[in-house]
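These notes open a run of structures that come right after.
Next, two complexes with chain A in common: one pairs it with chain B, the other with chain C.
Moving on to the complex of A and B:
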């Protein structure tokens, strides 16, 4: 009991220098953020492609994209991460062997970004598809009638028009991405949650370390919220305020 | 989702269907499934554990979400501030971290307490099940509490005033009008939240609760197979999600949408 309370207040364990674990935690946070940013951007690329395909693609492409988004959204992230982690590294090695190259050890970081990206891609496809569809047809037609090229229509009408509809969903997905990185602990990527458990296991001060890591995650979320509110205000400029 | 007017038996869909069947047959013949009969009993038990966990934590979480939402929507500051803080913390940190905080952190506290070690509760506190239920419950309550806040705040004032004008006491207004209307408004999000909750349940396997995910992990350790058990697991979760979605659609169809 007293040991436990002493462990809770053992602040020196959080010191940045090696006897303390603070530096290790911050390094884990850096890995988590890298995976989250990388996975989110990859997901955004997939999402843009997927939304375009769903809206303008042929029937076959649309059906395949439907299967992709439905499957990914119906299976737990944890299971997907395991499947994609093994399948992804396996497939890459098969390809390397096919080209006569050596087997490579894929870093947990790269695999994590790939996995989070594929999961995020499915959700972002749906968000972006909805946002694309929210832009009134008449506006794009008017732009075309004024002689704008398709690229100009995209830049001047479609993108600014869809932004206010896309921002809430996309920002929600960013918050989910930062929290989903914790699942990579299960496949042994040294991100914040896993290094926290290692720190707790070594020092037996589980409570202290998990609270510290929770605060770090919370700070990421709260800071993100501040930025998101700014972006939202920018995207909704000139529109009547709801809420 | 846009209403899909295309039919399933269009030519390209038949081709895609044939390819899908081909992939399934290929997997059935070329992959190893001989472990399946040995584990089938345990798998069914695991699915049962997962569903029981889902049901229990969703119901408990929802019961917790109602006061959380009410406190935020109409409570005094000393109630609404902690409720909002609770929801923010739960929604701002990963569930896996919360789970491990409770299991390893709280679990190690109890171990230091001699009175608890000798009490009747110790066998329960030493097992992983209560921590899994607790973590999933507060997670569901955190997310759904936010939904309920909006639902309570969104009930038209006129309906509550009408209730009071009929001489109902505040408690009766709450019981007869405010709560049912708020639940009614929150119902569409409930389906999505419950599917998310189902997808969160396998996390408890990391603290040794034996759900269907844990059984599959056991299979993988025993047989050294990577893909077959995981593919089966994905299939099981897909079916569970499908059943949940259909069940909620049936439930929503039974609830009148426009005021009855």
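Moving on to the complex of A and C:
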């Protein structure tokens, strides 16, 4: 009775070695993960900086950050990716030429990480800003009263104190980052979705390859969930569970 | 508002007072909360600061460790004046961050709402400042913390997070945290005001115990009876000035000012 499923696909096409496309898919997944991890980390750096700037910065810095988070969150990500990728590389090359340098080819991977990082940074800024504000004022005050330097207060009190409030939002953003990488297919980054389309186009086994890619994305999410649950349990260690 | 030094106080004869507050003023915007307060506490003194709400008593205490920055005036701890400079807007700010941090480790504050660090266990809270700020080796800090927890009756709670404790237990943990830095002066900012009535006693017992062993303490409180028992000097603050001060028996049984008489009548 499962004959039709078995017959649906030529399973040997998933073999790791050519003529199978399995290896290509896994390489695409590796690129996707590189972009996701790189973009997420870049976004985290922007987010910590952005949140601190929004909370403690001067009026001009706050306005600039407001423009950044509003614009990035208002424009569809696909448009942003096209804009930042083409306009970004073009602008970079114009600048290079201006300084008398040669045109450079920007690697799709680096551009992808940059684009995802800028998008993630805007969202993470807002998640982290909320989490910073959720740390009770009295806790940082006590830290100062016991002689901690501002950096110690940040490292020992504020960051661990805001973690439980940041983890749900940050985990969401991580899962979104893993899937936003698929948008980079439109600018030719050889990530999982692009290579899947190539494999399907070449072999005409679209169903097989898109199911395989879907499963790979699912595996990433399931594994992420395991890690996220651990981080969350650790972050919430001092909080009574609400049932 | 200068006032005569009461000669009966235990440590007053020592050359360098534990805490000296000189003509302290504090404005919040247009509102002047402290209008020139001068106060001296000798080593071993227990000074109770009383007064109605809005009288500036918490602000006064918070200015001593610069959690609140005064508009003018000076604070000295054991004769060392905290270095301040103008903040460019008609107030003061610390001129020497390292000096302020060092002085803060010699003071220990106990807050109205405990302010324990929620992501650390009780033990973690107690060893945090000694290990991170004062550089005490971890083993040593833990050994000392265990003795302190035993003293405040929380030995069995050392690995519990603050959110799982009652208010009274949290405040006792906060007192252990304060003792862990081996402070020269302890500052209590209404330590029992956030507690349920039945939990007040256990915290007051710990504070009274500390007073008996001769610790220098400044205590802002609403517990009039308690202040009379433990303090050897009472300061009555009204509208940002010291209206009256002296030994507790005198202040309580023979108040000179009309306002203090009224205040005592309302709280008793």
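Quick notes
Heads up, the rule we're going with is that the second predicted complex is superposed on the first by the 235 of 243 C-alpha atoms of A that agree within 3 Å, B and C clash if a C-alpha of one lies under 4 Å from a C-alpha of the other, contacts with A are read in each partner's own complex, and residues count from 1 in each chain.
By definition in this document, a contact is a pair of C-beta atoms (placed from the backbone, for glycine too) under 8 Å apart; a residue touches a chain by one contact, two chains touch by 3 or more.
The structure presented is a predicted model; accordingly, all values stated were derived computationally and were not measured.
Superimposing the complexes on chain A yields a three-chain arrangement in which chain B and chain C fit side by side. In the superposition on chain A, A:45 makes contact with neither chain B nor chain C. By the touch criterion defined above, A:71 reaches chain B but does not reach chain C.
With both structures placed on the common chain, the touch criterion links A:240 to chain C but leaves chain B unconnected. When both complexes are overlaid on chain A, the residue A:97 reaches neither chain B nor chain C. Annotation for chain A, partner touching more residues between chain B and chain C: B. Once chain A of one complex is fitted onto chain A of the other, the partner contacts of A:157 are limited to chain C, with no touch recorded for chain B. Within the superposed three-chain model, A:83 lies in touch with chain B and out of touch with chain C [touch as defined at top].
Figure legend note: chain B and chain C, brought together by superposition on chain A, show a least Cα distance of 18 Å. The part of chain C that touches chain A in the complex is made up of residues 65, 67, 97, 101-102, 104-105, 107-109, 111, 113-120, 128-129, 132-134, 161-164, 177, 181. Touching chain A in their complex are the following residues of chain B: 2, 6, 10, 12-13, 16, 88-89, 91-98, 100-101, 104-106, 108-109, 112-114, 195, 198-203, 206, 213, 226-227, 230-231, 233-234, 237-238, 241-242.
For chain A in complex with chain B, the touching residues are 1-4, 59-60, 63-64, 71, 74-80, 82-83, 86-87, 90, 133, 175, 179-183, 185-186, 193, 196-197, 200, 204, 206-207, 210-211, 213-214, 217-218, 221-222.
Remark: chain A residues 136, 138-139, 141-149, 152, 156-157, 160-161, 163-164, 237-240 touch chain C in the complex.
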